[in-house]
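Below are two complexes that have subunit A in common, paired first with subunit B and then with subunit C.
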Partner chain A sequence: MVNGYAAASLAEALEIRSNQKVVPYAGGTDLMVENRSGVDYLFLGKIPELRNINEDDEYIRIGAAVTFTQALEDKKVPALMKEALKRIAAPAIRNAGTFGGNLGNGSAKADSVLIEFVSDARLRLASRDKERIVDVDKFYLGRKKLDLAADELIVEILLPRTGLDRYSYEKVGGRNALAISRVSFAGIFDERDGRITKLAAAFGAVADTVLRYKDLEETMLGKTLDEARELKEKYLEGYAERMVLTQGRVSAEYRKKVCMNLLGDFLAKFGI
Partner chain B sequence: MSEIRFRLNGSEVSYAGSGADRLLEVLRNTYRCTSVKCGCKEGECGACSVLIDGVLINSCCVAMGAIEGSEVVTMEGFRETRRFEVLDKAFGELSAVQCGFCIPGMVLAAEALLSKNPHPTVDEIRQGLSGNLCRCTGYNAIVNAVELAAKEGEGLW
Partner chain C sequence: MEKISQSVVKKDHAPKVSGRSIYVADYPPEGVLCGKLLHSKVARAKILGVEVPKLPEGYFYVDARDVPGDNNVNIVLDDTPVFCRDTVEYIGEPIAMICGPDEKEVIRLRDECKVAYEELEPVLDFYSADEKFFDYNFGHGDVDKAFAEADKTYEEEFETGYQEQAYLETQGMMAEPEEGGRMFVHGSSQCAYYIHGAVMRALGCGPTGVHIKQDVTGGGFGGKEAFPSILGCQVAVAARKCGKPVRCVFDRREDMEYTSKRHPSFCRYKAAVKDGRVTALDIDVKFNAGAYSTLSAVVLQRGIIASPGIYNIPNVRVHGSAVKTNTSPCGAYRGFGGPQTFFAVEMFMSHIARDLGREPLEFKRTHLVKQGDQTSTCGKYHFPVPIPDMIDEVVRESDFENKRREYAKAQTGRYRRGIGMSMYFHGAGFTGAGERDLIKAVARLRKYKDGRVEVLASNGDIGQGVRTTFPKIVANELNLPLDQVFYEHPDTARVPDSGPTVASRSLMIVGELLRRAAIKLREQWKDGEEQEVEEHYKEPDFVIPFYIDKFEGDAYPTYAWAVNAIELEIDTYTGVARVLGAYGSFDVGTPVDYNVVMGQMEGGFLQGIGYASIEKMDYDSKGRIRNNSLSDYLIPTTMDVPRLKCMLHVEKYPDGPYGAKGAGELPLVGAPAAYLEAVEQALGGMKLNHAPFTAEDTLSAITKEVN
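Let's look at the complex of A and B:
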């Protein structure tokens, strides 16, 4: 094929990736809008190993070429992820768009990536000779900068199986369908014996990468709801100080206000 | 393997151009499937929707190399079916077509929806068509037409 390589298996794709300068192509919904000239695509959409959703003791394992529609129809995929997926674009885009593509495009607006950040997902990356597992927040080095070597492919997303049931998800866009996130928010709460064991908050589409401040989250861990309510003002101040947002289609001030409101709503929802 | 082989509206074809070429343009320029409209080239409008292996996809967002071995159906192929006749009649009866530019994509979106869900609610119809923009009708007539087609075409989907 001119300007393209087809691979029937992951091993074959990794072999091509190690020898040729190629752009990995899964669903095409971002790449074809970009329409770079003179590139050679490595077509991954039909590789069986990348199209599966499996689970083990710890993780739901979503193949990089799994489409959003496929994930929405799979019982193993957690409700929080589905909340985000069902608001991505429209059916024809969800039929083509993939988890690997959403990650590989490197945008902080990627709605599935926000959920991967808030749920401490990990990514399995492979090259011909080795593979490694990386935390999703370490994978993003900056705007459109990824910790992915020229001979590596994203193979699967490892999403924790438990602890994702109590959540908030909000997407603020310009319209109901076909909307790009202007601000997106996901939060996960958990408690045991009356003490907070998880209070994760992630913000999408407002900076170069998804934002999450684990050190601020830690100030709430182990606290009772009463104690957390007392700490709330200081906790929110911490976010207000740290969040330096970029100007996009809407102003940075508007985005920050929306982020703080959504964070406040999330705390209130779980009694803080 | 140098050529890209796929099925187009039931016929085996092979394409000798670049794997990076846009399916939308190849369908229109090489295979003269001019029912496939170019509205935005950004996956925003749905005018170029086709069925690939039975699934609704915006052909502007597909590179030719991705359809090797696939079955592509455009309105030129779909119009030969009984399901098309039912949708055609319903769209006509309810005046759901004005300028017509969005209609090939809209009808294929309706086909994709009804294939998965033969008895959709109005909300489900709106969701199913949510990626197909129409600047003339205001959508209500189109939604009603799909609802009517689902009733009239009972058993076809």
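Let's look at the complex of A and C:
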């Protein structure tokens, strides 16, 4: 039989987590698909500290048990994140599914995670005795592999408050609703005084983890649009060379072609 | 709207939406053994033996040796075994069943069975497969002469893939031994009497030794036409051996991988054109039947009869075959062979038109059959062909001609649009002489003392509404309120054989028998008495007798007609097509319930769009179907076709109740051709030849074009 724990506070949850081998969950939408026998579960969906969306000077802080619907209705959540959220599954799933669960599943197809990658989000993790903050790309180690200790929980997602306004977002699913991403793309552009200050591009659902190549992005930073246009071919070649994609529900060739098309479209959209 | 067409609340609405309906999986487990099939893991092998783990008390291993009667399931031929013979012929073929009280334990025991296979080379390449289960030839006119005299000739190949029925409820049957040795088999099914015949044979008993009841069924779409006969035999054999009720309900993966699907097809079409008209068609149709013949004979017949489309072509030669491969046997699915050949002929006609510099719609119009014309099998279109009016309706509703002209202009940019059209029929009722020679349907009405009337027939409600529409017809004739007339799920112990729930026949054929029975009852109605009346099918006098050996005569007494238009927009960066609008005019005669018919039209049309676009399934080099879940095999949701406009055009059929004809299958059949023609236009006039045409196919076509 499955043993279930329901924690009323974060402290209680961390206490259980430190003593028991448990699989944490909140919305339970993934358990509807894969409910393993012989596993003990820890329910986090009713913990007040995990269900808030706050902001400070630097970050929008989204609790791990915040549902997608809750985030969609919150003015603090940036438009780019909402673009991704509103195409997750269907309303019933969005009502239950949470940010922490999307991360914790360890899938490169997770739609909210792509936005966290492209926006340099950080995660606040906690165990009973300590707390740490980790960059999302350091947290995601590979397919189903996370930098999360057995006694830790994801507490908050820290999304930068600024610099997310000029973006591209694309999701290619097998259909218009209730579809797992086959390719997803998010790009963020920013400039100051005619020079590029940000050109982030992240690709979801095409490899074991979300792909982002910061060294390639850096080649464009500080450049004017004219200079960027000249560098464009080389920049795209860099991506074409680096992106080694996996075959899944669609072929690797298809994914690559789509990724390159969407990256090109993103550049064109901002005059590059 | 006629009174009979006015919608009522479906009789099974309340129990279904409130969750109170009892499906086969819902009967309490107490005293019922769970059965799980041991499936072959290889596509073709000799079975050297099965090492069965030690079975705890109360657990059983059931295989072919336990079949008291004949280990062959009666479908059309008898080649499908109840449990495998010395060899297995596809991945998933049932070798044995483990039965026992605890499901987890049954699964563990099943998984611990060690099957010793001596692997044999399987036939997996459909193109080169040459073992033909069925091979038919027919035609008329002088095809060779027409080709010799042609101005121009054409040749093209067309392919279609599998399609999975994806009913909500998976396959499930249950068998319960009754007192006196009688076996009661019930479950999710379409054709109680098919199962009856099959189980009688497997158990080696007479007609009274077994009775079959349909449980509430969560969708069939043809997938529960033949398969429940096989599963019914397996649970009946198991229940006989165990001496207890045995229930086997498939899980989704088992169901998607191992049960029957739509036949993949490969068609080669040749045409002769003279003076701007197609004068001859030379058609070769090949269906992938899978490992056993099941329903392939009749699916193929319907497919090849429809293969020249709805065009009056003076010279036609058709060859059709259904070949064996070592894969899951294919079977019935809404449309039953028609979707494959209508796809081919509609695309072919469109391509010929474009090559001749003509608009496909205008070209097709000049070739349309009309009342009195000869059918492909030298029968006759006895009734008016309403297609020209239906084209006008669809053209008007979709603004077809303007859009077609607009989208024909060179398109640049990321998103490009196209619109396409298809036109077709679905022969109403059984193909050929089946209704007259094989089925010989009987329907009965029983009037109780209190004045309530029960419909006694063997047609199962699988969502198409016969539990509502049959009583509606009877109530209408007897001037009774609808709640005075009822129709339960059929049990062969109680109802006559009014035939299977297939071929869009139930309402048209059995509904008419019930209408006549109601008139008969009306004439002899006596208050306070129990009375029973019966009607037998009689072929209408106008029908030209059909002979299958020469493929001649009326294959169908009448036809349901349809015209579809689909408008879409292609994202050239991702290959994803967005359907902007799907428009269909459907003639199913008089709708006996408007909402029921519209539900069928919309659902079927959407299924057809799925078949055209995203529903892709194939087997790998070992013969295994990999995408066996609903997250890997996607079917469209309502979000995929937000604008789905269905219209009814009524051309009454005098021998159907109030003018009703077959409805269920029609809406699925024509979507692929309309969809692909739209994709072709969006892509700047390419010629495409296969369905489904996925986003990946689109992107690869664009890439090829560029290079």
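Here, the second predicted complex is superposed on the first by the 270 of 272 C-alpha atoms of A that agree within 3 Å, B and C clash if a C-alpha of one lies under 4 Å from a C-alpha of the other, contacts with A are read in each partner's own complex, and residues count from 1 in each chain.
Following the convention adopted for this analysis, a contact is a pair of C-beta atoms (placed from the backbone, for glycine too) under 8 Å apart; a residue touches a chain by one contact, two chains touch by 3 or more.
The model shown is predicted, which means the values in this text are computed figures rather than measured ones.
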Practice task
For A:Ala240, decide between first (touching subunit B), second (touching subunit C), both and neither.
Solution key: neither
Practice task
Based on the superposed arrangement, let me know which partner A:Ile133 touches: subunit B (first), subunit C (second), both, or neither?
Solution key: neither
Practice task
Answer with first, second, both or neither: which of subunit B and subunit C does A:Leu31 touch in the superposed model?
Solution key: first
Problem - First (subunit B), second (subunit C), both or neither touched by A:Asn176 - result: both
Practice task
State whether A:Leu262 touches subunit B only (first), subunit C only (second), both chains, or neither.
Solution key: second
Exercise for the section: Mind telling me which of the two, subunit B or subunit C, contacts the most residues of subunit A? Expected result: B
Handout entry: Contacts of A:Ala79 with subunit B and subunit C, given as first, second, both or neither
Key = neither
Exercise for the section: Considering only the touch criterion stated at the top, classify A:Ala11 as touching first (subunit B), second (subunit C), both, or neither. Expected result: neither
Exercise for the section: Mind working out whether A:Pro91 is in touch with subunit B, subunit C, both or neither, as first, second, both or neither? Expected result: first
Problem - Shared subunit A contacts, counted only where both subunit B and subunit C touch the same residue - result: 33, 90, 176-178
Handout entry: Of all residues in subunit B, those that touch subunit A in their complex
Key = 1-4, 17-20, 22, 41-44, 46, 49, 55-58, 60-66, 68-69, 109, 112-113, 127-128, 130-133
Problem - subunit A residues touching subunit B - in the complex, by the definition given at the top - result: 1-6, 25, 27-29, 31-33, 35, 39-41, 43, 45-46, 69, 89-93, 95-96, 176-178
Handout entry: Contact footprint of subunit C on subunit A as seen in their complex
Key = 33, 90, 170, 172, 174-180, 183, 249-251, 253-254, 257-258, 261-262, 265
Problem - Residue numbers on subunit C that touch subunit A, as the complex places them - result: 414, 573-576, 578, 614, 627, 631-632, 634, 636-637, 639-640, 695-696, 699-700, 703
